[in-house]
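My structure is below; once you've seen it, I'll send some questions.
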Amino acid sequence: KDSGSSDNPSGGDSNAAGCKTVDKPAAASGETTSSTSGATVDGSALKIGIAFDIGGRGDASFNDSAAAGLDKAISDIGVKKENTKELAATDQESEDSKLTRLRQLATEGRNPIVSVGFAYTDATVKIAGEFPNTQFAVVDGFAENAPKNITWLGFAEQEGSFLVGVIAALKSKSCTIGFVGGVNVPLIQKFQAGFEQGVKTVAPDAKIVSKYITEAGDLTGFADPPKGQVAAKGLIDQGADVVYHAAGASGKGVFAAAKDANVMAIGVDSDQYNQKTVADYKDVIITSMLKRVDVAVFDYISAVATNNLAGLPPVFDLKVDGVGYSTSGGKIDDETKGWVEAYKQQIVEGKIKVETTPSS
Amino acid sequence: MTEVETEAAASPAVALNGITKRFPGVVANSDVHLTVHAGEVHALCGENGAGKSTLMKILYGMQPPDEGTIEVNGRQVAFRSPSEAIRAGIGMVHQHFMLADNLTVLENVVLGAEGLYGIGKGARRRIQELAGSVGLDLDPDMLVERLGVADRQRVEILKVLFRGAKIIILDEPTAVLVPQEVEDLFTTLRTMRADGYTFLFISHKLDEVRAIADSITVIRRGTTVGTVDPKTVTSRQLAEMMVGSELPSPETRESTVTDEVVLQVEGLVLETGDGRRLLDGLDLVVRSGEVLGIAGVEGNGQTELVETIMGIRKAASGRVSLNGRNLTRAGTLARREAGIGYIPEDRTRHGLLLTEPLWKNRILGYQTRPPTARGAFLDVAGARKDTTRIVEQFDVRTPGIEVAAASLSGGNQQKLVVGRELSGDPKLLIASHPTRGVDVGAQAAIWDHIRNARAAGLAVLLVSADLDELIGLSDSIKVMLRGKFVADADPATVTPEDLGSAMTGAGHVDESGLLVTGGEE
Amino acid sequence: MNARLRSSLMAPVLAVVFAAALCAIVLVVSGANPGTALGAMIGQVGEGQVAVDIVNSTAIYMLAALAAAIGFHMNLLNIGIEGQYRVGALVAAIVGGAIVLPGILHWLVILVVAAVAGALWALLPAILKVTRGVHEVISTIMMNAIAFGLAAFLIRRDQFGILVGNNVTTEPIPTSGQVPGIDLGGRGTIFGLVFLAVVAAAVYGVVLNRTRFGFELKASGLSPTAAAAGGVNAKRMIMVSLLASGAVAGLVGMPEILGRDHAYTLNFASGYGFAGIGIALLGRNNPLGIAFGSLLWAFLEKAKGALDNVGVPKEIATIMQGAIVLSVVVAYEIVKRMDLAAEQRRVGRATGAAVEPEAAK
Amino acid sequence: MSMIDVQPAASGMTMTPPPRKRRIPGWAVFTIGTVAVVLVLAMTSYLTGQPALTSSSTMQNTVTLGLPILLCGLGGIWSERSGMINIGLEGMMILGTWGAAFGGYHWGPWMAVVSGMICGALGGALHALATVTFGVNHIVSGVAINLLGAGVTKYLSTLIFQPISDNPRDSPPIEQFDTFSAPGLSDWLGDLEKDQRVIISDVAGLLRGLVTRVSPMLIIAILLVVATYLVLWRTRFGLRLRSCGENPVAAESLGVNVYFHKYMAVIASGALAGIAGAALVLGSSPSIYQEGQTANRGFIGLAAMIFGNWRPGGTLAGAGLFGYADGLRLSATPEAVHALLYSAVIVVGLLVIWQLYRRKWTSAMFAAIGAIAVYALYYFTDELPQEFLPYTPHIITLVVLALAAQRLRPPAADGMPYRRGEGD
């Protein structure tokens, strides 16, 4: 019988000293701006509709994060729960199911309507045209020449990923760092690009190995923990001792592989250290890249309530805390934090521009 | 078992009393009475569809009777499944082989009777013990698909013996056998009869029935007409009991053979994937107005010859021409269009689309020409009209041309196929077992049609296992053995026995290749 | 013929009763009122553009089901429709976006490209089946998976993909290549290619029942041996029918792409192929049956959204689809058996295969 | 009149059947095949410098990913050997994943297997009811069961798991099996593997993958392979079951209860698919039911079964192929997958030699051209397009089938409708 691995996940089996890093950047100065100011907002008149992506509320990920934004609006700015309506997409549905869903919300007089996921982009463009007096927002969406009543809630995932890349470079002993992507699509490539850039910026010599579970079009890559585990294990076998994943539910397998091999892992989207389903592996999760869909949704609702859509940021990036990193679990020491904050400052100030497509 | 045997002397082995069995629309058996004594071979005769098989299936527990009682060895029984019949000592060899090709001989034999000797060594030993008594000499671990018909028949009997059956039903066991094989089978049966086995024997071949049976029961239209003694009854009388009319004969009288060569086959070779020769350099000529008969034990290449001439199989070498036109490279459809009609040996597998209505079956093989087609389109009206003609002209008993072919009886299906293949003025008719499994009435009708077409100049290549038919219809006969023609025979002089021995390679031929008739010595 | 009419009506009626009963049980067990649920679903048809969506989906399902039915006639199970329509749609979108031709010609070319691409994706399984005897089920399952690979490869940004927001699409098809629909204003737009499905079904019906090709196809399926003896070239028929099936499958994505999306995107819907197989079997491979089956399927698919409104879990709709498929086929089976017995009774009476006991005496 | 004797009579009465080729027993074929595969991989690994091809971790991945496929494939064998096509394996497997999560959550991993099995068997029973009793087309019923499986589990997990896991698509994690290693053996093999000696290290690597951190699931699966073989080919029940798939009318005429055996077979098939679902759940970390997690593995299982010629050993090989290829491309570098092309060259090269030996010149020539083409592909490229890598096993399957399909033999009555008392 095998004993469970219980050693402290401080690094791989190598006694390597870690990466050769560049000089530590100057310490961060000043505070970053916070998104919404303290002005009181009254949302009690809003009838909000929200169209979730596959999974809907309770998926412990993307949709839940959007739901949290809505919940915050209910608790903080007086949106009435009975005035909200949630609908969710199903597997393999066709475009007109999305159209119907949005149209139903719009016909019922919901305003604003938030669609969650870039798959809603085209549908929202179409429906926004049909209902010019209703406000729409699409999380992760973007299209050129869209109607004026659509707000794109885009994120600078690459910037958040850059920061966890910095952490990975500093934490790695073997100086080999892994990335597991769920499905090889542009959105996930943004995570990979920022992460790689972050690692390389700190440790130009670091080796980065990455793997996608499936290719574009085959969404099972986001829902296959065994394959996530095998992929992560492969990267670990290739020497990686920090593995970052952007693989949805398959990420559970990535954590499992990290725990098995006693290496470090980095979560994604929400603070996975605190997530129930991966509680068994929390001690290997050193940080998570946060994508604050909740912040975006909440800010958007507030902006609609105050009729100040122009005040919303064009993308939710580091500057507005639309992305970030988590420190739960106490694996990020002050030294590391210093590095990260310094880079954050540089990105916010525009000194570093983070790429959205991987170099390789 | 032993106590049953002693008891058997007193009570009959099988007594069926007042059996009635109805199927939707048909009364297959009505008030049948049949008594079979222990240790006898009891034959059952009757037209197609008379209800013989049904009666036997009832006795074997495959179908429950609607009325009537069954007694086995004096004890009344009511079988709900074949396994109960088997337990009572009854075995049945079915009209159609009941073997699984992809299982071994051993597996086929022990199936359902694994309890007796297990499925391993014990069973193998038992099979080897029994194999001798049915003349079977092969490895029990051989796959059945590799066996020829006669061996399959033996495996069927072996199955019955293996189960310790004392009362054995044989439903048309000789339909696929040649005279010598039939004789071998009869020898086996006689030996076994002496050992105390009881047989119920079904056959359409009345001579055979008289040769083997101790008593004969005739069934007509589902009911027993009477039981007769084979020593006193003639075949003609038997036939009259069966159908109430005279036994027809296939004789062809005056020759209509002309000089005009219709079919010419030269050096035809057909090979299996691994290079074995199924057809080994065959030459033949059929002239206008001539019927050329091919005799041979099943499995010696007749099927392959016919299918190669039809283009269903691809010859390795050789030449086939029709009226001087080279058809060697043509496909089946082109050959049919060139004027070949084809009555396949197995109408249900090769001749008909069973679930389709009759008029659609008329189109099969004629999908490119009038009256059933116009260009790329079917001529539905034409097909219907011509089907009606066939139904009338060939006396196909059916309520209409819209019924599925499957709901016709076998004989009527065959008449439909013959009618279709004689439509469209063929120059050559290839007829494989044209009357197999067909009752005497329909048989005579089919013979008449072939004879008339021949008189009108049709060339016919006839393959048949029924040697009387072959001798009666043909103008000349070729004997086939292992893919070669080994002898020619003159139907005017040859006897079925001579032909039979030539078919197994025991015959003698003179230097011109003609079979020497009048016995082997 | 009266009996025929009666029995052909009886199957669907029995099926609907069967299916309704099954679904009602499922609903009641889950604590919902079947009446409310059904009412909500039917009510949904009147909402917004749902009715039009149903029509549009029906057309798509019909194409998929026709593709499956062509194979079924020859006892070929083309599981590969899924991959064939994906490849057909992608290649057609790429070609359509790359060329400009005047009006009708443009989208005709796109349709032909889609059909050819779909057929080509069926070519390998067809060749393997004919030359090597590879079972088409396994080869098409493999081809479905590989189609995803091909799609991912072709839509790469260094191939034919362009990035739009977080999505990747092909070059949009210019207006000349877009098929105009019937605009019903607030009710939505019926895809122009709905008529493609209708035409396809009609052509299918005629070809199958009225032409030599259709006859040979059916004959090969019913009895390969009899077909061979009747001069049908089995290998050719396998090739032709699999390719034809693939070609029709290639068209499955076209109504959406030419009528609405004007490009192939990462969101391209999947699952039509499997639905098509189910519907073809529901419709007994018969064009009218397929049309009705598609309509039923589309209704369930589009109206199930309404279940959320009345507090019934939407998953019930999937259960209902399964239950309906099962109950419909069971009903067909029962009616078929009754029919057969009736026909044999008829034949038996007409031919007097055996006389009644009284008459025997 | 001189008489010429015709050939003497044949020993039998009919044409003698072709001389029987000696049938090599299945286990021998399997062993030889395994050895050959290992040798080819070892050679490739040595010649291309890609130890990943034969590493213990690759072997473990093969096991992880291949197990559910193997179990599904076994399910397929049971059903199809009795003549029932089971395209509903995917749906039954989905039911199995749900059942396993439910049972596992309440009563631990062993009950996860049992309850997965029961749920799968229920799916099988439904399939049997529709196809055997009502005579529904096997494929329609299978398609319906796939729909039902997905629908029912979604529904049930909303109902039962969501309150515990706060997520309608996930179950709460369940306890996993403890894994076992053969301590001395595993380490010794590990040392051998590290030595990088030709063949020895390769074999050691593969073996080590099999004896290190073994889950009871693997042992169950291996036992089920053996049990499937023994039951189907060595017992009377199995003989009867197979006879239903070859010639049900004959079986019926010998007193075999065909309906009963078909029912048993299809239910067993569903049970195995359910165990496959359990294997998938227990093989994931954390072990949970998760919507969509089967990801068409049921269909792949069916493919593995056909690949394996409807036999357990062959199915094992097929599942191994899928597990290996998928595991390799997920865990190894693209170069390692590329090296498989080299294996292909070796295999085709061997084929050339074989064809030359059999004096089949044209086949040899075609094979040689193929070998050169594949070698050229290997030589001139460094990586295969990554989009196609996930489909490596699918492509390999197609190639293998193209080369060997003629040897496959489905049960004669597979998929045929059968009704009691309707044969003649």
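Note that the chains are named A, B, C and D in the order they appear, and that numbering of residues resets to 1 at the start of each chain.
Note that a contact is a pair of C-beta atoms (placed from the backbone, for glycine too) under 8 Å apart; a residue touches a chain by one contact, two chains touch by 3 or more.
Given the structure is predicted, the values throughout are model-derived calculations rather than measurements.
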Between A-C and B-C, the pair with more C-beta contacts: B-C
Chain centre separation (subunit B, subunit D; CA means) in Å: 43
Centre-to-centre distance between subunit C and subunit A (centres being mean Cα positions), rounded to whole Å: 39
Averaged-CA centre spacing for the pair subunit D and subunit C, given as whole angstrom: 30
Junction residues of subunit C - those touching two or more other chains: 148-149, 152-153
Per-residue overlap in subunit D, given as positions that touch at least 2 other chains: 296, 387, 390
All chain pairs that touch each other: A-C, A-D, B-C, B-D, C-D
Touch list for subunit D against partner subunit B, complex: 1-15, 17-18, 20, 23, 234-236, 239-240, 242-243, 246-247, 249-257, 409, 411-412, 421, 424
Sites on subunit B touched by subunit C in the complex: 20, 23-28, 30-31, 49, 51, 221-223, 310, 312, 331-337, 342, 344, 349-356, 360, 363-365, 367-368, 373, 376-378, 380, 397-400, 403-404, 407-409, 412
Of subunit C, residues touching subunit B in the complex: 209-216, 218-219, 222-223, 225-233, 341-351, 353-357, 360
List of subunit C residues in touch with subunit D within their complex: 30, 77, 79, 124, 128, 132-135, 137-139, 141-143, 145-146, 148-150, 152-153, 156, 274, 277-278, 281-282, 313, 315-323, 325-326, 329-330, 333-334, 337
Partner subunit A, residues of subunit C touching it in the complex: 47-50, 53, 56-57, 60, 86, 148-149, 151-153, 155, 157, 163-168, 256, 260-261, 265-271, 301-302, 305, 308, 314
